[in-house]
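Going in written order, the chains are labelled A, B and C, and every chain counts its residues from 1.
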Amino acid sequence: MKPFAKRISRALLAAAAVLAVAGSAVAEPVTIRFGFAQVGVGNRQFGSGNTAAILHSRDILAEEFRNDPDVKLDWSFFKGAGPAVNEAIANGQLDFALQGDLPSLVGRSNGLKTRILAASGLRSNLYLAVTPKSGIQSIADLKGRKVAQFRGTNLQLATDKLLAAHGLTERDIKFINMDFATATAALATGDIDAAFGQADYLALDGQGVARVVYSTRGDDPAFTRHSHLLVTEAFEKAHPDVTYRVVKALVKAAAWASDEANREAVFEEWAKSGIPAETFRADFDGQALGYRNSPLIDDFLVAAYQDQAERAKGYRLVRGDVRIDGWFEPAYVDRAVAELGLAGTWKRYDANGHQQTAAK
Amino acid sequence: MTNLELSRAAHESALIAGNGRLDFPVETDPKPIGALLRPALRPALCVVEALAFPLALFGLWTLSSRLGWLPVQILPTPEQVAATLADLAGSGDLWFHTSISLLRVVQGFALGGTAGLLLGIAMGLSPRVRRTVEPLFTALAQVPPLGWIPVLMLLVGIDEGLKLLIIAKAALVPVALNTQKGIRNVPDSLREVGAVLAFGRWATLTRIVLPAAVPSVFTGVRYGLTSAWLALVAVELLASSEGLGYLMVWGRQLFQLDMVIAAMLVVGLVGFALDWTLSRVERRLQRWELAGS
Amino acid sequence: MADTIHPIHHPAHQAAARGALEIRGLTKRYRVSGTPFTALQDIGLSVAPGEFVSIVGASGCGKSTLLRLIVGLERQFDGEILLDGRPVAGPGLDRAIVFQEHRLFPWLTAEENVALGLLKSHHPAADKRRLVREHLELVGLGAFAKAYPSQLSGGMSQRVAIARALVARPRILLLDEPFGALDALTRSHLQAELLRIVRAEGITAILVTHDVEEALYLGDRVVVMHPRPGRIAGIIPAGRLPLAEDGGAPGPGFGHDRADPAFIRLREAVLAELGAGHAQPPARRAA
């Protein structure tokens, strides 16, 4: 009971802070340093597949601070993905980040002081692309094969869970660490038999370079991955007002990206990263935008991270226990949803992934 | 008829100086007394000198972690690194990765070193080979190992073949260049001696050119081993699922910089040990050079 | 080249019958950066078997070139060089040379260096070993067979070089300022030793030197050369000079008595001859 009470009191405290500063203009000069654990094709400075990418590409955050000349925005996109973002946070080079579940858990387990403010992309799918000559048809066929994996990203944890469900471990497969661009090239040259990756593998399938033989679409949602917006504790403490307005802007972006009327527009927006809109169309096929783009921190998200933490420890991806308690700070996002009149836009899910009937 | 000179020889042999140099009495400068003391003190002094910098670095590291100059996530404390090393050693991972890396270096170096030696000898001996091969060789030698990876990947894939070739190439260049240099720099004065003694090509090569080139060849071999070791780490960083370079990638991707530093320490130590071993071999081969100093 | 190999055993008096050098009309031209340059012009010289001839001359008189031609390191020339009636064409084991620097192979021991002199001779291995040992003892370094050149002094190294030159029993020994790099005391030691060794081997010798006293001390004749173009200015016989004595007894290991008035007169004659070829007399340097 005690931690729960503590959580509530902290949430109230944060809410009070939010109320105190809401609406007031920013007084002192501040630069918001925003990092993405992703980069576009050919180093395009755009993200994709999440609401933070919309926040950036549609200038929603810039719009939020249009009348605050003292607030500057600085965007960084990391080819090294989540692990590189962790290094940047440790070096004090970032205030906000879009990051996936595993890298953030790794960062927290190593003592990075961050708060998770909102979800930015839920239930992202994992894809398995294989070379045509490999003859691999299913996860079970991967045993003993040469497979590319971007270690330390949230794909690794999802992959490990998927393998475990098929009675396999990382040791059964010859995993080779490659970033996404290298893996794509290696698939094309046939140097690897298969690669775990993201929706952009669908494009390879279209080109006949590789075949996507498995994706988590339609499979157990437990195999999917999540990403979120986080802030450093230091920044949140120094600028709760700015923090709130960043979250508010993200909620606006999420609302836009969850509106089915914008479905094609969202995919086109993400296509600025160089990944064709067609890929996202296929990836989101049969799923409501709001199911994936909800910013809410609900029981499902917290429970999912709790589960990820335990599994990550089991797979020796993190050392020791990662304390989830006190990491999530839903006050900002809840406040923004209420203030923007967006209550009811997104459904809340319980720890088991079932839709919650009772609100709150 | 030689008896005449035996007394002279006996006289000279009685004058072997304490520092190992045999001297004709009237031809030596008197040695300062300090020179007699130094051989005894030198090893101790060398150890102190060699350790001073690493110790200072270690001190700085400890100090930095105590005072929090750098985030502990970026520069872990020495205790963390030591614990990680012990952990890796205890689980057998350390030996597993080290042995794989060593095997790669030994194989790649054997391949590249041999090729480099042959190429260096050919370029050193034959002006025609030098004219035809050297420009291309020099140009290709400038491309760093990582630059070769995309091309070689297309040719040999990303398996052991790629790693061996990258390592071999890294070793080949310094060995070939230094071998060539050593052969071309054989003093004409010694070549003339060979000519006067009616040496043929083979005798000139084996009795004069190659022995005279040994110091330079060894310089190349040591450089070659160092660059092979560096190339190994680079190639393991890129595409590998085992080895010390991979251990670093793994550590970095999982934000365990203590593992990265532990791997760096092992890489440094193994590299140092390899170089030290070679220098011992070199000293054995060149005992004539040290005999007098 | 097989005909240049000597029998293993050949007493000195037999060897003395061989090693006659005949040089006729020898001219050597170089091109130095396109300009022709005559290093030696019309050299004629006969050296009898067992004779010791010294050559003196200022720098650039071609005296070293002459030795290089005789030993076969330079092959392009006009005229004739005959050793025992056979024309010289390239190096051979019938001729040996000792340079100013010892030119020992630093990676070989003294005995290994000497043994290289026999690499191209066809003796059985056991004979080679014996010859090497004998020649090291001949130069007084029997005890230093296993020493590396870096462990030997300059004088000792030069003795090893002499042993290496002699081990294949050449008919003629050429010496190109062999003691030029040594200090005065060592030099005079080695001069006496050289003479003893040469006499013991019964070998013809040609010594090139800057040092007029050395030339007269060692030589049966002294050839004086003049530069530009290199030519023989005069030949001064010194064979009748009295020998130096050691403890009252003249011996085979001693050259001409430097203190003898006749020696001094000849020295003045050589210096005068040298000076004639020079605008400035080089006499002071030689004395």
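In the analysis below, a residue touches a chain if its C-beta (ideal position, glycine included) is under 8 Å from a C-beta of that chain, and two chains touch if they have at least 3 such contacts.
Composition by chain, UniProt nomenclature: A = ABC transporter substrate-binding protein; B = ABC transporter permease; C = ABC transporter ATP-binding protein.
Keep in mind that this is a model prediction, so the values were computed, not measured.
S.K.: Quick one: which chain's Cα centre is the longest way from chain C's?
M.R.: Here the answer is chain A, farthest from chain C.
S.K.: Which chain is in the middle, if each chain's centre is the mean of its C-alpha atoms?
M.R.: Minimum centroid-to-centroid distance belongs to B.
S.K.: Please compute the C-alpha centroid of chain A, do the same for chain C, then give the distance between them in whole Å.
M.R.: Roughly 91 Å, centre to centre.
S.K.: Just give me the whole-number Å value for how far the CA centre of chain A lies from that of chain B (ABC transporter permease).
M.R.: Once rounded, the distance between the two centres reads 47 Å.
S.K.: Between chain B (ABC transporter permease) and chain C, what distance separates the C-alpha centroids? Give it in angstrom.
M.R.: That gives a centre separation of 45 Å.
S.K.: Two or more other chains in contact with one residue: find those residues in chain B (ABC transporter permease).
M.R.: Within chain B (ABC transporter permease), no residue contacts more than one other chain.
S.K.: Quick one: which residues in chain C touch 2 or more of the other chains?
M.R.: Within chain C, no residue touches at least two other chains.
S.K.: Do you know which chain A residues sit against two or more other chains?
M.R.: Expected reply: no residues.
S.K.: In their shared complex, at which residues does chain B (ABC transporter permease) touch chain A?
M.R.: Those residues of chain B (ABC transporter permease) that touch chain A are 71-74, 150, 153-154, 157-158, 238-241, 246, 249-250, 252-256.
S.K.: Note which residues of chain C are touching chain B (ABC transporter permease) in the complex, please.
M.R.: 1, 71-73, 91-93, 95-97, 99, 101, 103, 105-109, 116-117, 119-120, 134, 137-144, 147-156, 164, 168, 182-183, 185-186, 193, 196, 200, 253
S.K.: Show me the residue ranges of chain A that touch chain B (ABC transporter permease) in the complex, using the header's touch definition.
M.R.: So the residues of chain A in touch with chain B (ABC transporter permease) come to 83, 86-87, 90-92, 103, 106-107, 110-112, 151-153, 174-178, 182, 185-186, 189-192, 317-319.
S.K.: Any idea which chain B (ABC transporter permease) residues touch chain C in the complex?
M.R.: Interface residues on chain B (ABC transporter permease), with respect to chain C: 1-2, 4-6, 8-10, 12-13, 20-24, 26-28, 189-190, 192-193, 195-200, 203, 207-208, 211-212, 214, 286-289, 291-293.
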